[in-house]
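The letters A, B and C name the chains in turn, as written, and every chain counts its residues from 1.
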Amino acid sequence: ERKQEARTPFVRVVEVDEVSTDPKPWGLNFPQQYEDYLKTVDDEYTDYGGNHALPPSKLEEYPWLKRLFAGYAFSIEYREARGHAHMLADQEVTRRVTEVQQAGACLHCHASIIPTYRRIGMEQLGQEVTAAKLAESFNQEAVMAGFKAVSQQTYEEVHAELEKTPDGVVEAAAGDPHLGNAHPVSCIDCHDPKTMALRVTRPGFLIGIDKLANSDDPVPHLPSIAKWRKAGSKGTYDPNTDATRQELRSFVCGQCHVEYYCANKMTLTFPWSNGLKVEDLEAEWDSTTFPSENADETGEPFYDYVHKETGTKVYKAQHPEFELWSQGIHARAGVSCADCHMPYEKVGATKVSSHWVRSPMTNINKACQTCHKVSEQEIKDRVDLIQHRTSDLIDRAAAAVTEMFDAIIAAREAGASDEQLKPIRDLQRKAMWRLDFIASENSKGFHASQESARILAESIDYSRQAIAGCYQLESEPAAEPAKGDAS
Amino acid sequence: ERKQEARTPFVRVVEVDEVSTDPKPWGLNFPQQYEDYLKTVDDEYTDYGGNHALPPSKLEEYPWLKRLFAGYAFSIEYREARGHAHMLADQEVTRRVTEVQQAGACLHCHASIIPTYRRIGMEQLGQEVTAAKLAESFNQEAVMAGFKAVSQQTYEEVHAELEKTPDGVVEAAAGDPHLGNAHPVSCIDCHDPKTMALRVTRPGFLIGIDKLANSDDPVPHLPSIAKWRKAGSKGTYDPNTDATRQELRSFVCGQCHVEYYCANKMTLTFPWSNGLKVEDLEAEWDSTTFPSENADETGEPFYDYVHKETGTKVYKAQHPEFELWSQGIHARAGVSCADCHMPYEKVGATKVSSHWVRSPMTNINKACQTCHKVSEQEIKDRVDLIQHRTSDLIDRAAAAVTEMFDAIIAAREAGASDEQLKPIRDLQRKAMWRLDFIASENSKGFHASQESARILAESIDYSRQAIAGCYQLESEPAAEPAKGDAS
Amino acid sequence: MSADSSQTDAPLDEGQPPDEAKRPMRFGKVAMTFFVCLGLLAGVGTFTFGYGKGASYLSNNPETCINCHVMQDHMDSWQQSSHHHVAVCNDCHLPHDFVGKWVTKADNGFFHSLAFTMGGYKDPIQIKPRNQRVTQSTCISCHKDFVHPLLPAIAGHDMLSCVHCHADVGHAGR
């Protein structure tokens, strides 16, 4: 019964520290991981042969998305995701950013931003900021303070701040405020530079997971939360000290692959205070109000955008991979994101985690076959079947949602009052939220197959209830006669 | 597949043959299996302490079922299933039989009826029928002929025939037409009396599986069908020669745990000519017409009953365990019904299949933990979660279906014409079929978790489309004004 | 992360309901160890020790394990596993250090005899957390260099369970 002794520290060629957002020096120490990481610029869609066009547009693939997002930046441009190395560039050029004023919080998940948060936070906290101090330690207090401080700034302002923070490579030139380059997610975002241990760095996640730990969601897939609760739920749940290593192999991804609020009415929020299920997240948004100017008043109820075709205030779901995975059989069986998306590979006389983070379907042998001893073709077929069922239901839910838009438009044109429309709008919000939740999740149902179908079933139910509600209005005397131009 | 050791021939105390429907003599040869088999009279609900009351009523548990089945025998009495030893008695006393004239085909799955089919078939074929001849061989030709011959007879007539067939135990008394007792499913229904090999005996299955083999449903879980097709689909697909042992471990159950038509307008039918998915079965019913009196005419389109509240001709789904299992991950992974419902158990130094066929949840250690190395509690929780999601969707679909009934009733009262109602009735039939398919399946979604949710999602979609359709009718000028008593 | 625990030192059967009716509680076994150890070990224990060719339990030959027919499945699945030509039962089920090896032999030997004689164990048998830690330590002992990056970065921290991914190395079809 011996405790496992620690690994001997990795041999280092160069030192890296808490400002080393540029992955190059890390790469000297860990050439294999770095080489893999660089492959995340390669992409099946677009990147072979050096062609770096943007990935396919989801709006073109699924035209109903345009109607779903009517009135919101996502209706302008929305594409397939691609490798990590692209994340910053893709954000910089998306028309969602170039044509719409976005918040600085967007960079929380698209840049290696922690040293910048720390720098601004240290200033806020009146701590002395020198290159050495900045590089010294993680300084969570300062990181949190910086995160909050920039939350009201614009995308451009925060982007500029990134370049005012040293990145461990660029040398400061006298009088030049440009101290480092901006980088997409990098080694430092998931690793402690001293020990290489996994860690989570993102304030959004640190706050979110603590809310979750304090909720009563059972989260059987996260045993360290059960343990923390059992010990009395004291203080904050801190994943960096409390979580198991296997949990961290998912938590590092849960820093970004999650549903969020990210605009200028409040700080970036992960809505986990009731749990991780689709209705738990919805319940948080339902009970959120935006901070009001006037401290005495309760603010306006939360919403993401006003749906243009119908005038309803609705929520936008974004890539809830972590949340959906949490409801699936793999999470339940202790299988982490890294198990499938960063499987071990044999390299010479050792094994390393593949840092070419990508679809496991391009790497079935290592990603799945260690656990599932069936042929690649069979694995592919099983995934196809699950995704196919999900796709069919997405189409069905999309048909219902768009018919609903038509029905509401017609009802409004026929003179339905806001009061009459209130219950219908509530149904609409629920229907759109559920459809978007699964459509914006990137595994097409694989991460939790039955749960995905359940959520889509509910979406369909709510859309069609709303439609029936509209038709009922029309036959009710209260509604004014149609104005003639109803479609 | 399990490792096969060549079986040492069984030592027999007494001989059994093709009329031995009474399991007692088999029990002398195989006491362990017999003892287990007898335990199928025990039942968690009702049987402990010698109380042999009938199991709980599903109609009371789910009151909406009464409305679903309005106008059909199932609305009179419909209970939870229980152990195999009860099957004949439960059928004899159900008010579906005592209050409604049922077909003799009902006994296909509730009695050890094959020797009776054989006897009647031999008569039809002009073969000499003696006790010895009857006991000699399976004689499939005669079994099939007998099956068809009794298909127009009533329940009572066929039941009486059972007692005119020797059962291997009862001694014939001179002049007494009672030659044997009627027995529920027995050893002979699944085993060859000479070799004890598994076999299928039920004509419904033999015909059904051949239709399936001749369809283009890929059935990846049934490799012997792929093989048979590859060899040119010659003749009939005969499970008793073509199927693998592992397939037979599910086929024996597929003789009864399937969707069927069983009334007096045509012979007992398993609707598998398009495949095993819910829409494949539906497509067969959609394209079936009842045989017409007049050979020149096409008969009336197939239906099971006229739904009393709405006047729509609809289909009834019954316990499609085999079909739903076929869509699930376990079938796909080659896991058979017997693996879970008749797991191996150690008895002394040997292993036997538990013939106490029952819910695996009462036997998790043997039924699941051979493959799933997690705690019993965890397995229970996983099953609960799957069943809970299914239940919630069943409730949701039931709410939609009953609202649909109300809407159609109202539309009819408001004077909607049959022509106007036609598309609505089509939606109604689809919605009811899908809900019933999952509600009458007995695993509450476990046998194929995502597929169950998908089917219920479709049910909800169709019900609510029908409702909207009704409301639209009401606002259409074509409909006559409400007659006043509309609800 | 959860029940099939990827954490080496997580109590694996946590959450399993004490099934008092059907099998003796763990406490009962422990109590036995203390109070009846001498007496029983000398009595029933010795019977089984003899019957199960107990002396051979102390050897390295896998055949000795199947002196108890309940070990037959594990023998079969071991024979089909990738390791049957590189590791015998004791290579995986006994710690690779001297003291641990003999403590485990005595401990398991006693419990196997007891369980086999008294019955009431699970079928299929389920490995207990203590023995899971043993298998984990033996994997590492043989594969230390190869799996070096998987070891904890900081002494005392946990690491992934090898059988989380390699469930079937010792026993095919797990």
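By our rule, a residue touches a chain if its C-beta (ideal position, glycine included) is under 8 Å from a C-beta of that chain, and two chains touch if they have at least 3 such contacts.
Just so you know, these numbers come straight off a predicted model, no measurement behind them.
K.L.:
So that we know how the chains sit together, what is the shape of their touch graph: line, ring, star, complete or other?
P.N.:
complete
K.L.:
Which two chains does the highest number of contacting C-beta pairs join?
P.N.:
Per-pair contact counts point to A-C as the maximum.
K.L.:
Using mean CA coordinates as chain centres, what's the gap between subunit A and subunit C in Å?
P.N.:
Chain centres of subunit A and subunit C, defined by C-alpha means, are spaced 42 Å apart.
K.L.:
Counting in whole Å, what is the centre-to-centre distance of subunit A and subunit B, each centre being its mean C-alpha position?
P.N.:
46
K.L.:
Please output the residue numbers of subunit B that touch at least 2 other chains, ranges allowed.
P.N.:
Within subunit B, residues 374, 378 contact more than one other chain.
K.L.:
If you look at subunit C, which of its residues touch at least two other chains?
P.N.:
Answer for subunit C, listing residues that touch two or more other chains: 2-4, 167.
K.L.:
Can you tell me which positions in subunit A touch subunit C when the two form their complex?
P.N.:
1-8, 192, 195-197, 220-223, 244-247, 250, 331-334, 336, 339, 344, 349-353, 370-371, 373
K.L.:
Using the touch rule from the top, collect the residues of subunit B that touch subunit C in their complex.
P.N.:
So the residues of subunit B touching subunit C come out as 3, 345-346, 349, 365-366, 369-370, 373-378.
K.L.:
What residues on subunit A touch subunit B, complex-wise?
P.N.:
220, 329, 332-333, 374, 378, 381-382, 386, 389, 392-393, 396, 400, 445, 449-454, 456-458, 460-461, 464-465, 467-468, 471-472, 474-475
K.L.:
Tell me, which parts of subunit C touch subunit A in their complex?
P.N.:
1-10, 97, 100, 130, 133, 137, 140, 145-160, 164-168
K.L.:
Contact residues on subunit C for subunit B in the complex?
P.N.:
2-4, 12-17, 19, 69-70, 76, 122-124, 126, 167, 174
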